[in-house]
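Each structure below appears as structure tokens.
Common to both upcoming complexes is chain A, partnered first by chain B, then by chain C.
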Partner chain A sequence: METLAMHISNGIIDGPVAAVFAALALAALTGCVLRGRRDLDDRLAPMAGLVAAFIFAVQMLNFPIFTAGVSGHLLGGALAAMLVGPWVGALCVSVVLVVQALVFGDGGVAMLGLNITNMALLGTAAAYVLIAVLLRVLPRTPAGLAVTGFVAAMLSVVVASQGFVLQYWLGGTTDLGGNLAGLAGTMAGVHLLIGIGEGLITATTVVTVAKVRPDLVYALRGLRPATVPTVPAVGGVR
Partner chain B sequence: MGAGHGHVLYRESDSPVHRLPPEVKIVAMVVFTVAVVATPRAAFWAFGAYALLVAAVAALARVGPRWLLSRALIELPFVLFAVALPFLGAGERVDVLGLRLSEDGLHGAWNIVAKGTLGVLASLLLAATTTTRDLIVGLDRLHCPQVLTQIATFMLRYLDVLVGEARRMRVARISRGDDPRFLWQLRGFAAGIGALFLRAFERGERVYLAMLSRGYSGRMPEVWQGDGAATAGQWLVAATVPVVAASIAATAVVLT
Partner chain C sequence: MKNRSWAFLAGGLLVALLLAGVVSNYASSHPDGLDSSLLKGCTVDADDNIVGGSCPAQQAREHELGDSPLADYGVRGVENGFLSTGLSGVLGVLLTFAVGAGGFWLLRRRGATSTPSDTATPVEGGSPTDADAATSGDARRRAGAAG
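Presenting the complex of A and B:
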């Protein structure tokens, strides 16, 4: 089965802007590598791999939106931020994007900096800020965690989509004139819908993991252990 | 899901392109793509030359045009975006077949379709001639940080774990009387997505611990890496493609 998934492809944004964002992404990723190396212990290494694999699979779900020929898909930045933290999380999403660009031709290689900035950096950072705030505000119950995951995922997708609008404004290869606001509106609207799907997936996944293995949720580290009733492992896993 | 399989795009063969070390092919592909993107969009002849270059490499790699073009459909969503541009774009309007289209939009659409297609074809050629495992070895030899290659290695390994667990859970649902058909199996799948993640993680954790106990230290053993790194000769051979592409781009910049 051939799946359709698409990031910014070659030729959408002009060369100089792509180069600037490539440099930006490279600098930010270097920081993530330095911080992430400290985070990546025996528990986080397999988790990071699985989160990346999960995001890889989930990004294959694509929603083509024909009104303006724009398409969108799930991003997974919030899930990554929640489970492996912002640094390793950004690295996970970046790895997914690099492999997709190299192996599937999904997203132009020359546009990798733009795609990484939008999805790996902006998306994950926005999600983590929201997670950090919401976890402190909301009650420490599975419901609170679910709301946190849902809201963080939904808004991070919209933020990432606006990153594309910003880049298009800076260096779009075609002048849309007054239609840039239209592009922003379409992208935001579409990604709000996608964000709902992403929010549901993120919330269900994180709540299940937190119930069975709260030690695996990065965002819950350092906080007082959540008052989550212990339930037996799903489906007799072990 | 087709993407679950690690070698979904790899075409088993023994062509000169297949035999080149992965790091050489990655660098050649990236330089080629950058050259294409840097070409002014009005230099129509340059894109024809790039297409010929891609066709030559494809022929050398024994990858058929039919296989390439059907896989290139992946860029369809952005082609649709390009189709919308002549209608949305600002500036001068021209009459084409009775429609008043934006001239800038038309150029932009051409720009996206041409550069996007060439980029996708180049990636597909790399994927068709390099296994995903070799790709990671190539990135490792290009001094990609170990954290990244480590995540990438586990990602590819765990994709199969995820797909396998999803299949087992589906079989379990069916054997308990669920009768999933077409879209209705999505509901059962969505309800179990958290459990799927957890099961895949616990299986993946055991895989990881087994690797650790066999001496895994964050980098794959030398045996896994296959033959040695690229020789100067191989670099020179593979450099022909990006060098030709870069000269086309330079000529196009000078001429326009």
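Presenting the complex of A and C:
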């Protein structure tokens, strides 16, 4: 059996919960469009397209993790947030998820809202909060940028995985016998390991882009001595 | 857009095409973190098919568009597995780029306010008025490091 599906499949979460999250995701993405337009100029628009294409490509590259028989792949929220900002970044990941669901049969169409909520919204938002904090604390060197990308990416994957746990608690189709903590622990543990891969890919990519074209790294733009409150509120993306 | 931006775009696309078109064939075919977590409680054979037990993954149903010509990251009708995966990856990258770049291009802000004024806000004492954004970006980073 070719197990190339990477996202929530149909039947895993019940219909009503999936519909609620679809509405939630649609509202949040509308907000991202409205706010992201401020960032989208003639230069950023094609670059954001490239970021989406790159995330699609790297998501295909399932890498083995230390646990036998389990693989992981990039989610991309942290990478997108660093390169094009949280608002456009969330839209980039969403484009990837929509293409995968509609064309590649990966992630149920009815489950799209759940997948977008976890990976495009939660993952990107968590990553950007961490990026905003870390870039202010860490030295502004390539090493500082790499550590920022690594940590933000790693933790954002764990946050995204817990989004699924919440959804499963609300509408999971199998009775876990009250053992939701077991699922939460399994998901967190395996995604911490996947997060190492996510972190390495994110850090490498961002440092490379920063070396070639520092002006194309969104996260470096906001670094002004005067602290302008441009950081989105934690819950802003919902 | 300036030539350098086109070069960066072309280079980035080439990398993505190589990753999705060639490297994807060397990807691990084991279930990912989500799928493996949902398989907990079931026993699987060497090909990761469920052979016993009970787990959330058993509730999985058919995909609505499971018969899409590119379903499961392969091109229907292409027998060679390497070619099928690679070709689907290439098509996916091009499609994602077209949808993404096209959509963002339509959404971009236009008009007189589209000068990069808010992105190149000068730091104290700095005046990156030169047109080369890369240079001003460098200058800002150096200024940031110094300040």
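As a working rule, the second predicted complex is superposed on the first by the 208 of 238 C-alpha atoms of A that agree within 3 Å, B and C clash if a C-alpha of one lies under 4 Å from a C-alpha of the other, contacts with A are read in each partner's own complex, and residues count from 1 in each chain.
By our rule, a residue touches a chain if its C-beta (ideal position, glycine included) is under 8 Å from a C-beta of that chain, and two chains touch if they have at least 3 such contacts.
Computed from a predicted model, the values in this text were never measured in an experiment.
In the model built by aligning both structures on chain A, chain B clashes with chain C. After overlaying the two complexes on the shared chain, residue contacts for A:A53 are found with chain B and with chain C alike. In the superposition on chain A, A:R37 contacts both chain B and chain C.
Of the two partner chains placed by the overlay, only chain C lies in contact with A:D215; chain B stays clear of it. In the overlay built on the shared chain, the residue A:I201 is in contact with chain B alone; chain C does not reach it. In the superposition on chain A, contact of A:S161 is made with chain C only, not with chain B.
Contacts of A:A45 after superposition on the shared chain: both chain B and chain C are touched.
Once the two complexes are laid over each other on the shared chain, residue contacts for A:V95 go to chain B and to chain C alike. In the superposed pair of complexes, A:A18 makes contact with chain B only, with no contact to chain C. The interface of chain A with chain B overlaps its interface with chain C at residues 1-6, 8-12, 33, 36-37, 40, 42, 45-50, 52-54, 56-57, 60, 62, 64, 69-71, 88, 91-92, 95-96, 98-99, 101-106, 108-110, 172-174, 176, 182, 212-213, 216.
Contacts from chain A toward chain C in the complex involve residues 1-12, 33, 36-38, 40-58, 60-65, 67, 69-73, 88, 91-92, 95-96, 98-106, 108-110, 139-141, 161, 164, 168, 172-174, 176, 182-183, 186-187, 190-191, 193-194, 212-216, 220-221, 223-226. Looking at the complex, you find that chain B touches chain A at residues 1-4, 9, 26, 29-30, 33-34, 36-38, 41, 70-85, 88-91, 104-105, 107-109, 111-116, 118-124, 126-127, 132, 135, 145, 147-148, 150-159, 161-163, 169, 172, 190-191, 193-195, 197-202, 204-205, 207-208, 212, 218. Against chain B, the residues of chain A that register as touching in their complex are 1-6, 8-12, 15, 18, 33, 36-37, 40, 42, 45-50, 52-54, 56-57, 60, 62, 64, 66, 68-71, 88, 91-92, 94-96, 98-99, 101-106, 108-111, 172-179, 182, 200-201, 204-209, 212-213, 216, 233-235, 237-238.
Residues of chain C touching chain A in their complex: 1, 4-5, 8-9, 12-13, 15-17, 19-20, 23-24, 27-38, 40, 44, 47-49, 54-66, 68, 70-74, 88-89, 92-105, 107-109, 114, 116, 118-119, 121, 123-124, 133-134, 136-138, 140-141, 143-145, 147.
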